[in-house]
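The following block contains the structure, expressed as structure tokens.
Each chain gets a letter, A, B, C, D, E, F, G and H, in the order it is written, and its residues are counted from 1.
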């Protein structure tokens, strides 16, 4: 995972070009408009990159180092505004070869619809659930009471006033009376990588080949 | 309503004795152990007081000033720890002649049990719901999606760590994606008085005879 | 109630067109400029929509599902800046057939003016008060001491520095020494829907026909 | 003003004895039980000390350094729990020879009683108001709209849940739509000293003889 | 004082024109660029308005209602960024006929300069000090230890990171070990009005003629 | 999992006795001293209960409903104070038949010791890591950079001053630049149950037989 | 440095006995009453331990590993309550052979006294200043403007209400307009160790022999 | 050090021109784009100014007043986004004649790389470390466990959601289990000046010639 944030356009292109030349693949999270344009302008022959999740993730073709066993993860959102984040997580998981089943806009204020949706998801026997919710953030708790798999809550920066921008959702998930784990507000990428670790094939490489979360570094400078 | 908190024992006994002599009734909220003992020791002939809700409310017999029409309110709790607060609210409503239906310990992590309980409550066609919940505070939101009456959330000081002591529950209720109103953490008495206002009989007296929330005053002093 | 926030223009137009085709009515809260323009450009023959409260609410003509009995609600604001939010609430209540009496800019720093205004409002015997105030948020408390109806405080994002943007107002309302209930900062729409529940005609439909607060959903996706 | 807090009993007795020997007077704020007992046991011949405000202030007899002109200050409290703090401020002002008029337990939820009380206070034409209030802290704002003198708000640590222990009161006073100044929560002593400065007789001494707020120091140590 | 914030241009012009027609004067605080332009375009014959403090205050000529006795106030700032706020306060005080002495940019990190400046200010024997400081907000405390007049701290929204935007300054002033009073962050106008109350001539009018802080209201509406 | 907190002694004994009579097993988290004594006094023939983790968990003998496949979890603590919480989690996991490898007191200020310890733990190829840390909470981040398994951070209420009692640790874990998930401060029990879900055997029962997190309910009451 | 907090009495005695047997010295910070008693009861022949700073630090005799060059540090406190913390820091520095000059109770509200004290301290040409202050925390800023050495601010948990318990002091020091560095509230031990690093003799050992801050570990356990 | 923030362009040019005329040098921190342009347009003959650290610092040529002995400081960053701040600090230190060794982008999630980098830095035997880190802010703690010199943590405004914008990093550094000192978020300039004080040559001037942190003042005004 290459974190695009805080990198100059030249720096990012440099990293990707080097990887491409060595035949390695990569994922770039949350590139800026300028970074995406620069990648596109470099040309697909030099940088074989596809945009995933509406451009929120870039995929440099080639092997990713870590190997994952097959399996299924579920993604659920409480509201319309949570969908782009969910797609970001889904794109990353699918890139790793993990199957994703998903259902959207099933908030706790409409329970019967939620119950029907979960019944359908459960048929795929997902090994882990990523549940996205803003506002009061109750959805992961309700789902954890209904399915036999670990549930990770992803609070989203939805909501206004006191507890807005995901603050109430995060607090509520931390206080959940069901045994869920959480990530930070809008942290779709860490959530996806955490879930992916469930499917890592041990023995196929050290951690350094597992999904890394931090940027490639520029060489140490001394002057 | 006479708020016992912050009053000396003598002061409270003085207020109640004066009311009793005039033949007026009263409710005293959250008396301390010392205040309760002093009231008991005064004797039922001078102070005809009964303890309600396990002693969290005192009832001085006699008319209360405001008049209420008949009606039904519902009280729901998410967990065992919320029950004493709920009983406090229930005792006040019943004193006003309002019928109370209730169900306890129906948290959102056990949905099917909650759905059964609500079906039973709805048969009484309650005109307002008081819903008590700590931790992630999701219960009022879920209930407001299922019943055709106004829902008031009462966050309770249950929970630990970040968002503990009712903080997450309050924030979550304020962020609710259902149109609920809330009161402060553990504010069972204000919640009951707010609900009671729905049943006030207009024209039977001015607001000054409606359920007052603040203490009787000691006379203005000048020196 | 259809929450416009977080919906694409196409998505919103799609929902409204489907409803219009089925002859159902709807309310849309806080549409963006772009959403309003798109609705207008669709044409009143396909989308018979009127703008309420200066465009903060859209009304798709047709029946709304829930039925309300006649009645009166009061709306009060502390300052000039609170008026647009109050009008949003008023428009929703009037759409439901509920009569609204209102008075504006009667802050607690000018008590005598406030007392005169309340006397006039009380002649209409409102069954519930919605009181909007920013800054120190004292108005709902003062009013609750003077009228025999339930009072809901709506803190508004007015004020600067410590406690600004409605934070102090919300805290003060939660701490009120009068038995008021509150909604979140600027939450005019939830406040109006909560008040409307007082006037719901039971037996004319399930909750699902009561004023819903969440968006119509786009169909569950699976891939 | 000698701040008793954080001083050992011996240290405090030492300071007072030295002052008494030189014939100087002093005020000691908020002595602990142990400090008060030690002062009493020292005997009135060596330490001519009287207890004021129920022991919350000690007065060592003798001149205080600063000289004050005659004048009147008003003290108002919102509730019963605020009275001890108000008495602390009143005792200090009276020690300085400033006349104090006061009224207690006149919260904003009972406006008509408050209006009557203010009319009586105004007859004394106070030059400054100290207004004590916890919970929602609205009283200083309401009073500042009614009297032609500066108003200082003193938030008190009354209240529970969100914004409790004076937090909401302080925020509300800082947000006041009337031009009041405030001191910290429960800061009755600083409030009294601030008010007293209005009555300082200039030219009768440098600031070092004005009401000092900090403790006498123990001599600089070097080792 | 007419608070310009939150008023439409038409509304403000309407209020001022009505006052001008009646021959009354007024002060308008913090007008927007658009409001100032509209006032200017109305023409000085219809609206005899001058801009004070670089346009942060507007002065409609004519008597202000309240009468003030002569006297002197001191204004001190800790840094360059505090000066515009200080000028706002100074303009208001001078409009009331109160003399203002001032010194700027004398932070506590340069003590000797501060001591010289205070010596000069003290020659005018100011009856009250308004001290503006951001960052660590220590200046009012240091000054209150050196002058025999009441000191009001005005925290300013200067500073970054933790405690930035005036938060640390406000907290530090509330914690001051000297008996100062404070107003909210950047609250230059309330500070000036609070100080002015020290100079109000009693008996020349009711409070309603004292410096009012809130906006003229638009007429109560009923529909 | 039966949450002991907030239950009366009688209530808890009642629940356990009923389970024992039906031959079912249970885990009780964080019993109070009084609850533990009452259980002990009931006698092992009626209540076959063992104390785990120094009495922080009670184990009622008998089958637990959910079935787990074999596997290994790792537990790591940063400091001595974190050990009791870690033992609580370990006891629960072992009760479920999951193997636990652990290492204690390996904070990030002593890196070389930590690296040696991880090498030893990795030999057991744990499928998930629970990492307990207070203070600055850096340990889960460092470990997630070194092992190929999912890492769950458990902030502990260690530390003082700003960010103390686990607040800084929780924030730091949420901000981790490695893809970890977190639970609330001191939430050893939820962390253990979350980890256990990784080992649940699907198809051996519905979620209702998976490790439930909330208390057994007392029967719904109606009056 | 051995952190006593969170260690059982047996554990601490075990660590110290082992060190004593090997002839190594140690410092123990903030032992509990029980820990101190256990150390005393072990006897000076087996544990040659002296109490420093009134028992807040224990010194096990013997060499400490790191070597320090001679030098002088200055310690200053703003108030009486800060002295015990200052003594804790002083005891540690002196143990390392660093000379300490100090002055106490010189708050910024009494500037002239402070200026005299600093003049005396400066004669010793201290290489670093540790400045302890609670309440408004202004002292380190004022001192940093007057001396040519690095200043470290140590906020102390003195103060009440908003910003109390050292919160305002810490924020103010972080916002200082002088270039100071800070440690956490009451963090006298880290401050002393940070200052001591200035005097470490390089080349006389690796960091592992420099003043370590964390506890000796109990051996890794595996089961 | 001249703080550019909050100064008008004219004011800044005036200060610099006066200094240049007297032959004195200066450093200007964080000039705005407009200020930099104005300086450049003034011409190098009248204002001999160079831009350092990509324009974040301006250097007016000429002697700086304070004199520093030779020595080495180390600068370390955790991520790419921290580099501009680090360069700001480095430019200031080098201007003072202090040698700087640095290494970038060595976060704690990649330990082995960090260990190699530190080994290289240590060869220069730096007397102080400035360590820049955002997100979870663990880097200064880890480094302080490995090097025998004082470590100053500089939290950077990197990160999102709860604890974002440097808040978690600052809290974590304050909670560090290693004895580090910290400055405020993004406070690269104060950190550099604090570090520089380590190298001040005593006796070559008073503090007033030591690196001052506050702006040149405009002359006291009196009107």
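Heads up, the rule we're going with is that a contact is a pair of C-beta atoms (placed from the backbone, for glycine too) under 8 Å apart; a residue touches a chain by one contact, two chains touch by 3 or more.
Being a predicted model, the structure only gives us computed values, none of them experimental.
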Each chain counted as touching chain D and chain H at once: E, G
Furthest chain, CA centroid comparison against chain A: D
From chain F, the most remote chain by mean C-alpha position: E
Euclidean distance of C-alpha centroids - chain C vs chain E, Å: 36
Between chain H and chain C, distance of the C-alpha-averaged centres to the nearest whole Å: 51
Separation of chain E from chain G, taking each centre as the mean of its C-alpha atoms, in whole Å: 45
Per-residue overlap in chain D, given as positions that touch at least 2 other chains: 79, 107, 109-110, 145-146, 161-164, 167, 170, 174-178, 184, 187, 213-214
Interchain pairs in contact, sorted by label: A-B, A-C, A-F, A-H, B-C, B-D, B-F, C-D, C-E, D-E, D-G, E-G, E-H, F-G, F-H, G-H
In the complex, chain G residues that touch chain E: 78-79, 107-111, 115, 134-138, 141-142, 144-146, 159, 161-164, 167-169, 171-178
Chain C - residues contacting chain B, complex: 66, 125, 144-152, 170, 174-184, 187, 189-194, 197-198, 200, 202, 205-207, 210-211, 213-214
Interfacial residue positions of chain B with respect to chain D in the complex: 5-7, 11, 155, 157, 166-167, 170, 184-187, 212-215, 217-218, 220-223
For the chain E and chain H complex, residues of the former touching the latter: 79-81, 100-107, 109-110, 113, 117, 120, 158, 160-164
